[in-house]
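A, B, C, D, E and F are the chain letters, set down in written order, and residue numbers restart from 1 in every chain.
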Amino acid sequence: MVMMTTPPEAPPQLPAKPVRESQAIYTELTLPNDANSLGTLFGGKLMQCVDLCAAIAAVRHARCAVVTASVDQLTFLQPVKIGQLVILKSSVNRVFRTSMEVGVKVWVEDLASGEVKHVSSAYLTFVALDKDRQRIPIGPVTPETEDEIRRYEHAGHRREVRLQMREAMKK
Amino acid sequence: MVMMTTPPEAPPQLPAKPVRESQAIYTELTLPNDANSLGTLFGGKLMQCVDLCAAIAAVRHARCAVVTASVDQLTFLQPVKIGQLVILKSSVNRVFRTSMEVGVKVWVEDLASGEVKHVSSAYLTFVALDKDRQRIPIGPVTPETEDEIRRYEHAGHRREVRLQMREAMKK
Amino acid sequence: MVMMTTPPEAPPQLPAKPVRESQAIYTELTLPNDANSLGTLFGGKLMQCVDLCAAIAAVRHARCAVVTASVDQLTFLQPVKIGQLVILKSSVNRVFRTSMEVGVKVWVEDLASGEVKHVSSAYLTFVALDKDRQRIPIGPVTPETEDEIRRYEHAGHRREVRLQMREAMKK
Amino acid sequence: MVMMTTPPEAPPQLPAKPVRESQAIYTELTLPNDANSLGTLFGGKLMQCVDLCAAIAAVRHARCAVVTASVDQLTFLQPVKIGQLVILKSSVNRVFRTSMEVGVKVWVEDLASGEVKHVSSAYLTFVALDKDRQRIPIGPVTPETEDEIRRYEHAGHRREVRLQMREAMKK
Amino acid sequence: MVMMTTPPEAPPQLPAKPVRESQAIYTELTLPNDANSLGTLFGGKLMQCVDLCAAIAAVRHARCAVVTASVDQLTFLQPVKIGQLVILKSSVNRVFRTSMEVGVKVWVEDLASGEVKHVSSAYLTFVALDKDRQRIPIGPVTPETEDEIRRYEHAGHRREVRLQMREAMKK
Amino acid sequence: MVMMTTPPEAPPQLPAKPVRESQAIYTELTLPNDANSLGTLFGGKLMQCVDLCAAIAAVRHARCAVVTASVDQLTFLQPVKIGQLVILKSSVNRVFRTSMEVGVKVWVEDLASGEVKHVSSAYLTFVALDKDRQRIPIGPVTPETEDEIRRYEHAGHRREVRLQMREAMKK
């Protein structure tokens, strides 16, 4: 069992933004060079799209330079075929003072049939940097819908587990 | 606290291979197109290299088609400058019946100065597939050095935490 | 003055789809390799994105293979800076039996400031092909909003002018 | 019917150059990543080559920075197969004070058979810019051959139609 | 001193072609990703263009599949700046039964100034293959101009030196 | 017969480094875009990897900017299939005052079977440059193993032949 402690909050003096204001959509058509030996999309190519779509939401929220601090979880549910359209949507789930968790959901659309499938989900942590590349505080994000509130809470949980894991791995 | 249960083992009837037999080295020179707005390497580009280097170790161990099932953790410790040489090393840490954890460590070498820095570490899970894209058992990996044994044990721990997290997130 | 004749209509026996069902959004982050000698985006790179976004709407409408028959007009209004996010939206404006006009509007978002600008507009003609690469009829598109109706009418006008131009150029 | 008015001329005080002095040849071998779902060349890839070849002629004529203002017409006559060699030739057709029309003709050569086919024709408008990115006058181009004179006249005609179209579309 | 022996001739029963029938021109605009740490073109990028331009002449001469057997000499005379246009010209210098020497000369054009410089020269050997990837005889090439005759003779000389070198290196 | 003269030596006042200190490994996974019409790797793509791997050894030896002066010999022994892993190893064979010969050996690993084959060998000459792009002296390299000593001697031989060839070709 993982014990929950209270995660650090985004600095309250910075203005809060609702989740929807920074959500991003990114699209990519998969090409022959992106295929692994099975003729489906390389995991690494999808990771690259995930990072890019997440970074767009992060920078829209913080409106300053951001860098990826970690990929906390990225799950591949289904293979993607070359020629399919990859559609990614990202949201800032929660801000923790100088870092923020961004969630990304990925679908593919088979353009010939119109069929759309959920193929991947991911959580990444970004930090915001000033011009001297020093970490700076990020304004809070306001979850509004039920889904956004659930993701806000899960983001806190995930952060706790990561910190405990890091401790445990030092032994 | 995370409780450890016994993870599933690689099928003992398949021949075991030592870790060193499948370890992989991958190198990449970073180019201007790989730069984010800060002039350092996009996280997504490094993820792509990490996935590729991990896949080489996975396929060398299993000698069949493998696909990335998840990125369980990927941490960026330092920014990479464009023009630096990225050097990645990957090892199969542990096999769990039809999946295996692969660890990747990433350094950059500044070619002008010769300075080498550790910039990233990652753990990914791969599954092995037969010609009909069905999951198949993977032979065990034998850790030999102290480091390999420690990574073998940590891999079991990480797997437990992931499974508990997945349960917790369903609520 | 250009005289309007009645353009051929989409075959009425094929089911009609509203414009909104096939509209597409495509996004692209501009990279250093896409820069011309002024440090702004190559026209050709934007054309490539325009063609791709238009093709997605065309294939979503026809749900079969489509190929670009012509770019009828593509205007660049403002330069795009490298590092800006290009956002494209496309709609099937009108169907003419075996061809269709697709309109594309292009914006850039400056991620640092959040500023969004309209940078380009384009009209392209696509044809639909069967498995033997023969042209096949395309079902009609139904304009619903005021904008869609205006674009439907303009599409007919543009087609007339193109045909008259082609005649005039033969002399 | 399109009525012809007299288009603006290139500034006569700037030195004139014959068309042949700025004509350009560009070549490109088509690769698997350039293929659409039919296994033939993406329209967008050909557009990119067309823009590049046209820009080379434009900059050779003006010997200053140029940017694409519009693609006025680009027609695809035949599909291009992957592996074929694309050969493009461009000429400055006419100068209109601060803009110029460039024509591009595109062939493919099937390297195995040696067969050459005309696959596309295009007209683009470029403008010339000074160091502050302000539009500057362009010296006249002198058509010498019969073909060059015909293209010079057609370029004036096309410009008229574009201007009338723009007016008509405002309504 | 290198002693000249008589090199093997192209099979006389196959039809001869003049050099000019297979000469090729290839062009490439250099982009930021092609730059080394000095901001000039990577040698490897130029090699890739040289190989491609040489292969076009080789396949035009043999009109069958060809592969590069060796780069016998490739000299870089001047650095190429990013943004410059690379122009390559290739000729089949001589045929030796189942192989042929192709010469490539490379210039860059600075598009802003119009200045053209000779930056590289290369000699490559290609072999022709049938559908089973077996080497097949290649018809002779007929040098016509003084330059072509000189290159024909030098090609024979270069081949001798290569063979003697190979022998000497075995010791 | 080629007569050996004594080649210029690396400046003895600069510190010598053993060969092993600058040896480099480079890896590349071959992708569909790298395929020629036979479905095997383009020669030019392999040349690009060879140049890059050689440059890494050269810069590690000289620890300053280096550029490729020539490819003296590059032989393709076997075709490389797309999807195979290319593994390159490079060593500085010998230093000649302001230039150095770098040797590269290339293998491919078929990841499915684990089979490794030697596919190419190459010798390149690099020069070292200061900040004003002037050639500067390079410290000597110390061959230690039997192979390194043999390559050191052959490098001197190859240099002689190149110089004599250059003379002979002037006639």
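One rule holds in what follows: a contact is a pair of C-beta atoms (placed from the backbone, for glycine too) under 8 Å apart; a residue touches a chain by one contact, two chains touch by 3 or more.
The model shown is predicted, which means the values in this text are computed figures rather than measured ones.
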* To do: Go through the assembly and pull out the chains touching subunit D as well as subunit E.
  => C, F
* Taking each chain's centre as the mean of its CA atoms, which one is farthest from the centre of subunit C? -> F
* Can you name the chain that lies farthest from subunit E, using the mean of each chain's Cα atoms as its centre? -> A
* Structure fact -> Overlaying subunit E on subunit F by their Cα positions calls for a rotation, in degrees to the nearest 5, of 180
* If you list every residue number at the subunit B and subunit E contact, are more than half found on both copies (same) or fewer than half (different)? -> different
* Structure fact -> CA centroids of subunit D and subunit F: separation to the nearest Å works out as 43
* Length of the line joining the C-alpha centres of subunit C and subunit F, rounded to whole Å -> 50
* If you average the Cα atoms of subunit B and of subunit F to get two centres, how far apart are those centres in Å? -> 32
* At what distance in angstrom does the C-alpha mean of subunit B lie from that of subunit A? -> 20
* To do: Would you pick out the residues of subunit E that each touch at least 2 other chains?
  => 32-33, 37, 52, 65, 111-112
* To do: Determine which chains touch and list them pairwise.
  => A-B, A-C, A-D, A-F, B-C, B-E, B-F, C-D, C-E, D-E, D-F, E-F
* **In the complex with subunit D, residue positions of subunit F that touch it** => 32-33, 35, 37
* What residues on subunit E touch subunit D, complex-wise? -> 25-27, 29, 52, 56, 59-60, 63-65, 85, 111-114
* To do: Show which residues of subunit A lie in contact with subunit B when the two form their complex.
  => 1-3, 36-38, 40, 42-45, 47-52, 55, 65, 67-76, 79, 122, 124, 129, 133, 154, 157-158, 161-162, 164-165, 168-169
* Asked: For the complex, which residues does subunit E have touching subunit C?
  -> 31-33, 83, 111-112
